[in-house]
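Going in written order, the chains are labelled A, B and C, and every chain counts its residues from 1.
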Amino acid sequence: MGELFSQYNVLGAFGITIVLTVLSALGALVIGTVVAIMRVSPVGFLNKLGALYVNLVRNTPLTLIIVFCNIGFIVNLGMSVSDDFARNNLVWATIGLAFYHAAFVCEALRSGVNTVPAGQAEAARSIGLTFGQSLREVLLPQAFRGAITPLGNTLIALTKNTTVATAIGVAEVAGLMKTMQEDRPDLMVPIFLVVAIGFVILTLPIGLVTTHLSQKLAVKR
Amino acid sequence: MKFGRISVMAVAATAALGLAACGGGTSGGSGGGSGSVKVGIKFDQPGLGLKAGADYTGMDVDLAKYIAKELGYAGTEFVEAVSAQRETLISTDQVKYIVGTYSITDARKEKVSFAGPYFIAGQDLLVRADDTTITGVDSLAGKKLCSVKGSTSATNVQKKVPGVNLQEYNTYTLCVDALKAGNVDALTTDDTILAGYAAQEANKGKLKVVGKTFSTENYGVGLKKGDVEFCKKVTDAITKYISSGEWQKAVDKNLGPAGYKPGAGNPPTPAACS
Amino acid sequence: MSSVLFDIPGPKARARHRLIMIVSAVLTLLALAWAISRFAAKGNLEAAKWTPFLTGDIWVNYLIPGLINTLKAAAISVVLAGAFGLLFGIGRLSDNAAIRWISTVIVEFFRSVPVLVMMVAAFGLFSFNRVFEASINPLAAVITGLTLYNGSVVAELLRSGVGGLPSGQSEAGLAIGLTRSQTLRSILLPQAITAMLPALVSQLVVILKDTALGAIITYPELLTTFSQIGSYKSNPVPALIVIALIFIAINYLLTSAAAKIEARLRDKGRATIAKGTIGPPNRVDLEPVEEALIAADESVLHERYRTPDK
């Protein structure tokens, strides 16, 4: 197994996986929150726009979205961020992952908003808070706490889904795994175990932390 | 009643399992028969190997069919052989042989055996018709280049132009699109493939082949490593293909419309099997 | 639920909402128009690139065979994942600590490994050890990856479905003299499975989407046809868009079906576990387990769904 680590840059590939995960998680959280606010907002149009977004994105295979980020946004819309293809693809894979998982973040937040009793919203309104104020001061803080478990699960899914970035040539773990497998079919099982255990190491703490947090931060009612 | 529901579900699951197994069995069985042979070709290279509706056209397709006929198979069943997966397809027995712009290289010889060469091509560049800055591999510094994952062209150009800015896709058609869109400056691969794309209806007058090859690609028929007996039969078929004039006919028919003339050394003499 | 969050808008608010609507609509349209103009500038709106999709040729020879392969892999995976989930879901509820632990480790392991990694590994393993007839190795690998992951999800669903049932159910079963396994089989599981139904259907969407990963290991499913069509008709971008629309249409139908089933079950007064929102229909998540877990964890949420009058 040591052979694999000396011959291939396994840790470097996992590094890219982690970079993809962290950056797109942040992006997904921001975009998802915006879409969630759109979906509960009093403006019907924004509501529908948010629903359309969630339905389109959630029902499309991620591979397609990632490939489209390259040929749609980079090639057709000319939205390059760098002349260096490797960096460009990394950035657009991050954006694609962020937009895809934002739909799930939005749904998680909506389910979080629903854990907040109606009385809270009514109380917020009755003391004269506007829609924005009641979201900011009363509902969202509770919604985030109520949505920790689904948010954590989305983060776990995102970590695993970064492997799809290999479709546009981002040098992450799944691509390296394929190369290793083609070069060293004799080490098939160790290769799988290294990659699989790597992902277990990455995702297991997320699950543990979110379970702990969801219990600790649960709003007592 | 609740008991009943569960048993129904279990029965349905088992039934579906059985069906699934049957389905897999039949589709696998047809490959094992001596009737038709499974051949790997490219599905996305106009002039060489292209799935055109229900048919397959191209120079490689014609040779693949000829070999099957010479070896006594009743017909051919074509399987898509993407560049990066050709070795896997052969070593895992998904195809009997591959005729898919498959260059004979030492690295590949470690995994598969080759019969041939049956054609000699060279790596070249495809650029936009109005581009005069790219005249050959020496003028690529600072240019954006496109190629396909797992092809020799990608490795080769990285050796010739160190640190080249290379975009790799799974299929050339995306490269062609990116080239027309101005997102890359050149597409590099074998001149045969480039000529096929340049001659396509949608690309006529928009793209041109530079015409200065900077490598020699000996196309071979890929087959199972170490199967010398089969290799000899295929080699005989290729020799006959060339001597009977079928080779010239296939080249004229498939690459002629693109204005492509086979370079020096064509038609080649197939090497002996080892 | 939106009505809880804000007052019924008065004339001023309505005017403001209209303004917001108009501004955002104009911005959306501008962005769309810009995108379309860029696509047009790159020649992707030319009629010649789209007309092939109006001919039978492309559908009969590319899209429909691809779609059939996609559906085939998805259908087989669903059945196997159901069996896998039933087995290990019950395993996790077992009295025997060893069985419970083994099931837990298996389920947790396969839930944390990416589907793509499992597919690539299964493909390599099958191919080089000649497990199956060569031509079905890609299909077998796709099914293996999908089954292991989604089966684990189903096992989790089952566990939380049973865990979410009122404790009175199993107490009643034990009180009338059924053994623990009888109680599980004839009282708890039927209810849990019914409750899981919407989540199971929405898991189908996940499976269907994930079959697209098979493209990376030579499985000729719907997504792979795009490069073939693109080369044949020089229209990769339109091909990609058409394929995306097919996926979206099918998955949308499934998602709606899941919502309908859930609504029907709720009308009948049964608890469903794919929930978390009182919002409009059509909501189904990537990980229905999430909801299942909240449902199990947070009794607050749960009480909401129990119809009080029955």
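Just so we're on the same page, contacts are C-beta pairs under 8 Å (C-beta built on N, C-alpha and C of every residue); 3 or more make two chains touch, one makes a residue touch a chain.
Values in this document were obtained by computation on a predicted structure and should not be read as measured data.
Peer 1: Based on which chains touch which, is the overall arrangement a line, ring, star, complete graph, or other?
Peer 2: Here the contact pattern is complete, since every chain touches every other one.
Peer 1: Determine which of the two chain pairs, A-C or B-C, is joined by the larger number of C-beta pairs in contact.
Peer 2: Pair with the higher count of C-beta contacts: A-C.
Peer 1: Measuring from the mean C-alpha position of chain B to the mean C-alpha position of chain C, what distance in angstrom results?
Peer 2: Centre-to-centre distance between chain B and chain C: 36 Å.
Peer 1: Take the average of all CA coordinates in chain A, do the same for chain C, and state the distance between these two points in whole angstrom.
Peer 2: Those two chain centres are 16 Å apart.
Peer 1: Quick check on chain A: which residues sit in contact with 2+ other chains?
Peer 2: 71, 75-76, 78, 167
Peer 1: Specify, in ascending order, the residues of chain B that touch 2 or more different other chains.
Peer 2: 88, 170, 174, 177, 181, in rising order.
Peer 1: Mind pulling the residue numbers of chain C that touch at least two other chains?
Peer 2: 42, 128, 236-237
Peer 1: Where on chain B does chain A make contact in their complex?
Peer 2: That would be residues 87-88, 144, 149, 165-170, 174, 177-178, 181-183 of chain B.
Peer 1: Quick one: which bits of chain A touch chain C in the complex? Just the residue numbers, please.
Peer 2: Counting only chain A, the residues touching chain C are 39-47, 49, 51, 55-56, 58-64, 67-68, 71-72, 75-78, 104, 107-108, 110-111, 113-115, 118, 121-122, 125, 131, 134-135, 139, 146, 149-150, 153-154, 156-157, 160-161, 163-164, 166-167, 173-174, 177-178, 181, 185, 188-189, 191-192, 195-196, 199-200, 203-204, 207, 214-215, 218, 221.
Peer 1: So in the complex, the part of chain C that touches chain B is made up of which residues?
Peer 2: The contact residues of chain C facing chain B are 42-43, 48-49, 57-58, 60-62, 72, 75-76, 79-80, 82-83, 127-128, 130, 132-140, 185-187, 189-191, 193, 218, 220, 224, 227-228, 230-237.
Peer 1: Touching chain B in the complex: which residues of chain A?
Peer 2: 71, 74-76, 78, 80, 83-85, 89, 167-169, 182
Peer 1: Using the touch definition from the top, list the residues of chain C that touch chain A in their complex.
Peer 2: Answer in residue numbers: 1-2, 4-7, 9, 13, 17, 20-21, 24-25, 28, 35, 38-39, 42, 44, 108-109, 112-118, 120-121, 124-125, 128, 205, 209-210, 212-213, 215-216, 223, 236-237, 240, 243-244, 247-248, 251-252, 255, 275-280, 282-287, 289-291, 293-294, 297-298, 300-301.
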